[in-house]
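Each of the two complexes below includes subunit A, the first together with subunit B, the second together with subunit C.
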Partner chain A sequence: MADIAVLLKQVPDSNAKIVVSGGRLDEGSVNKWSMSPYDEYALEAALALGGSITAITCGPERAKKMLTDAAAVGVTELMHIVVDDLTTLDSNQVSSILTAAVQKTGATVVFCGKQAADTNAGSIGPSVAEKLGAACVTMVSELSGDSSGFLALRPSANGMERVAVSAPCVLAFDKMSTELRRPNVKGIMMAKKKTIEAMSVSDLGVDIGSSSVTLDNQSPPAEKPAGQKFEGAESVASVVSKLRDEAKVI
Partner chain B sequence: MVTVIAEISGNSLHSVTAQLVGAAGGDATVLCPGGIGASEAATLSGVAKVISVEGDCFSSFDGGAWASALGSVAEGRIIAASTANGREIAARMAAAKGIAVVQDVTSISGNSVSRSIYSGKAVESITISDDTILTLRPNTFAPVDGGGSAAVSTVNQSADVATSVKEAIAKASERLDVADADIIISGGRGMGSIENFSHLEAIADQLGAAVGASRAVVDEWGMSHSMQVGQTGKTVNPSLYIAVGISGAIQHLAGMRSSKYIVAINKDPDAPIFGVADYGIVATWEEALPALADALSNL
Partner chain C sequence: MAYEALDFFDVDALLSEEELMVRDMVRDWVDEKVIPNIEQHYLDGTFPREWIQDLGEMGILGMVIPEEYGCAGMSYTAYGVVCRELERGDSGLRSFASVQGSLSMHPIHKFGTEEQKQKYLPRMATGELIGCFGLTEPDYGSNPGGMITKAEDKGEHYLLNGAKMWITNGTICDLAIVWAKLDGEIRGFIVEMGDEGFTAPEQKGKHSLRASVTSELVFQDCKIPKDRLLPEAKGLSGPFSCLNRARFGIAWGSIGSAQACFDAAKKYSLERIQFNRPIAAFQLIQMKLATMLREITKGQLLAYHLGLKVDQDDWIPEFVSLAKMNNVDIALDIARVARDIHGANGVTSEYPIMRHMNNLESVKTYEGTHDIHNLILARHITGIQSFTRNLK
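Now for the complex of A and B:
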């Protein structure tokens, strides 16, 4: 089995409230940081295949905790590219950093999430593939394979399709039907002793230039005016009239 | 100058392409992968020219090959649709050029764009450089009408393909996909059982709507994941979203709160879904759905 690099991003837990103040996420108000949900499936898929796995994250100090969580379920190598504020980097810079990190591991197979739960972008997987000169399959919801190649299930215009792909390749995972493994006590204890290979972008020896986009402002989603509320099924007919006459959507 | 990467679906032009041309604001060059939909794209108003990019690589989707072939023809600002394939092509084109891509944009004003972040729990506005590649969220930008008659030219350009389709699995049902639908009726755990979704399907047929689902019913009753709306499902943006027996967990809202109009049917007057509903109906579905079917057939 080829060595696998798994790209993991730490994001606010999906149950966390997002509070914005002064045009930026108030990090202090995030009660819990977690591995981005689709990255959990990327990790699970890598663990299911076995072999040597390096978990790579690029982010601030707090992201170490997520690498330790990955070690607790069986990841052997942990790599942390320390960047204090990812929102100052554009997609090109982040993908250059992660590409260099993957190259450092020597892995020719890369697993990641179809999109991160903070950026909601889906840029990094295909971008890293491009920079590695690798094939890419996104939205993977089932995977089988061995050292000669993979068969990945992805959506198609007419339903789903199984696509054959072999290393070098990047697979970006969607939710899968497999259960995610949970760490046991032994795993958690072992993980605490695992060393994390931490380095800066310049240690990595990659020139990322400057960002070509500027984050001006983050804000809460537009408030909707309070809706109208009705009691009982008798009101359905009048709601239907309103959908036709007020909202004009039917 | 703006280059629009046409979104295609099977062998035809996807309707989101007209929205991309609308957002481009006139004088757009439309690239049609494999020439698919080129004659239809030429009829869109605001299209200056259509280029059929033809090559063997377009016989099935391969993001790397498509991005390489289309990228060698594209000029100026490049925009594509924020669909699975559109995002992949855009990301690869940007990486190949060493420039940024901004995905799933919901508004554009000059070089200032905005997009949704943290699974819809916040919005960000960013200033982009002139060459930044954009993908645009479907059903957000006004489409152009027909009535155009742009010239169509052909460029032969293929690229190396690194993936091959081994098996095609047809959709389990012929129902409309939630990602494409203008009206969605979704059911949650409150529907009681998977069999009861037939009541939602009947209303969907009356409305020409797609049927969606919460994660609870996808995980627990084995409903197709392709129907799931929310943070780990699809982000939808229809004109009308009807949530039935769905409590309105933050992860569900993440996928549907930007719908233009939201109707909630729930027996619990305190369900959080009412917080985002334009029209909330406190009732059981057993009572409300027959009344809805009647009211719709009386329209």
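Now for the complex of A and C:
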């Protein structure tokens, strides 16, 4: 099995309360940070294949915790590119950093989530593939593989398709039907002993230029209007017209 | 709505990184596997096998025992945190872990032979073998020293006769740690399910700890091979050594129940509208919530400090008595007040409250009743024991 690099991003937990103040997410108010859910599937897929895995993250100091979590479920190598504020970088810069990190590990196979749960941009997988000159398969929901390559299931225009791909390649994962592995106490004790290889962008020796995107303003999603209740046969006509004209679902 | 664990003084910030990881592992598992199913198990009076397997896979059964026996060798504080997170789900679940780790694996590790340790501990750590602890008898609860279960040395084997009652995990056990008098002295025996003359019928009809198996253990001319005696345990100090460890877990665990009740009461009181205002806006409710927060915070500090003392091996059993007694007491009070805040909803299985409240009634009684822990503390203060009228 080829060495696999898994790209992981730490995001606010899906249950965490999000507070926006002054047009920016207030990071201090996030009480729990977690591995982005699609990245968890990428990691699970890599662990299921076995072999040497390097988990790579680009982010602030707090992201170390996520790498230790990855070690607790069996990741062997941990790499942290320390960037204090990811929001100052655009996706293109981040993918340049991650590409350089992957090259440093020597891995020819890269797994990542199809998008991160905070920005939902979905550009890292394809962009890293482009920079590595590797094949890219996105929205993978099932995977099998051996030393000669992988067979990945992904959506196609009229259903699902199975794509065969071999290294060098980047696979971007969707939710899969496999259950994610849980850490255990022994894994946690081992993880504590693992060292995290930490470095800065300049240590990587990559020129990422300047950001071409400026973040103007962040705002919470609009509140959902209150639900409406209908009772009795006489309301059928109004329900149908609301479903057709307002909700536009029939 | 997602569980928010009250930690007003940020006491968990004092935990090590690995203790925090263990906390999150168990908390996530409880959210995923226990919370959606516990009410039904409670109503049905069942404890699912699948949970036992998961506890084994997570590596938290007997987690303080060293690695050479297939365990994790973690701190007592970590064990306390695990108990707290399990009991946030249900006291029956925490009881399972206490009985397996502190009451069954601990005596084998502390008082057993090397062969006994190798034979049982690794398979108990994975949950493949389930243990139980038989001390209480129908006529001897708070006063276990009076037990009548008796073992006789028959040369080739021991012969066990007597009965135990209220034994957690009894019916589902593979092995029982049974305390019995041999020549008038209390000794510990490993009785295996399948040993001739040993039966363990389930006790039904509990209004408390319904998602936990409670049983009688009956020994009728039960033959025990000689190598199943725990050689190093002699007298009541044997079972008490186990109980102190389980009580330690309860001191932490009961805080989990209290946190669950507080979380539910806070959310409910903010949503429930009466007299055109959320009930949380009324001063009477506010005082109840403030009292809960106050008591939970104190209980957390007590549990944390106890963990520190035990991990430094600088403790006396009276510390554990104080913490068990106080934390179960406040948890029970908090559960009752939370029940009240939930009004009629509080008596249903839609909310976790009444389940926790009923569970805590057992938790108050087992592992030394509240009264008995007061007597233990008072003996420490005065030097006078008042368990019996025989004031010697």
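Methods note: the second predicted complex is superposed on the first by the 222 of 250 C-alpha atoms of A that agree within 3 Å, B and C clash if a C-alpha of one lies under 4 Å from a C-alpha of the other, contacts with A are read in each partner's own complex, and residues count from 1 in each chain.
Following the convention adopted for this analysis, a contact is a pair of C-beta atoms (placed from the backbone, for glycine too) under 8 Å apart; a residue touches a chain by one contact, two chains touch by 3 or more.
Bear in mind the structure is a predicted one, so any value in this text is a computation, not a measurement.
Colleague: Between subunit B and subunit C, whom does A:A129 touch in the aligned arrangement: first, second, both, or neither?
Modeller: Only subunit B; A:A129 stays clear of subunit C.
Colleague: Determine, under the contact definition given at the top, whether A:D69 touches first (subunit B), second (subunit C), both, or neither.
Modeller: After superposition on chain A, A:D69 lies in contact with subunit C alone.
Colleague: So in the superposed three-chain picture, is A:D118 touching just subunit B, just subunit C, both, or none of them (first/second/both/neither)?
Modeller: A:D118 sits against subunit B, while subunit C stays out of touch.
Colleague: For A:N15 in the superposed arrangement: first (subunit B), second (subunit C), both or neither?
Modeller: Both partners, subunit B and subunit C.
Colleague: For A:A48, using the defined touch cut-off, is the partner it touches subunit B, subunit C, both, or neither? Pick first, second, both or neither.
Modeller: It touches nothing on subunit B or subunit C.
Colleague: Counting residues of subunit A in contact, which comes out ahead: subunit B or subunit C?
Modeller: Looking at subunit B versus subunit C, the one contacting more residues of subunit A is B.
Colleague: With the two structures laid over each other on chain A, which partner does A:L180 touch: subunit B (first), subunit C (second), both, or neither?
Modeller: Neither: A:L180 stays clear of subunit B and subunit C.
Colleague: Could you tell me which stretches of subunit A are touched by subunit B in one complex and by subunit C in the other?
Modeller: On subunit A, the residues that contact subunit B in one structure and subunit C in the other are 15.
Colleague: For the complex, which residues does subunit A have touching subunit B?
Modeller: Counting only subunit A, the residues touching subunit B are 11-12, 14-15, 17-18, 20, 25, 37-38, 90-92, 95, 114, 117-131, 134-139, 141, 151, 153-165, 169, 174-175, 177, 211-222, 224, 227-237, 239-244, 247, 249-250.
Colleague: Applying the document's contact rule, which stretches of subunit C touch subunit A when the two form their complex?
Modeller: Result: residues 2, 17-18, 21-22, 25, 28-29, 54, 57-60, 63, 67, 72-74, 78 of subunit C touch subunit A.
Colleague: For subunit A, which residues are in contact with subunit C within the complex?
Modeller: 15, 65, 68-69, 72, 182-189, 191-192
Colleague: Touching subunit A in the complex: which residues of subunit B?
Modeller: 9-10, 61-64, 67, 84, 87-88, 90-92, 94-96, 98-104, 112, 115-129, 131-132, 162-172, 183, 207, 225-226, 231-233, 235, 239-240, 250-251, 257-258, 260-263, 269, 274, 276-284, 287-288, 290-292, 294-296, 298-299
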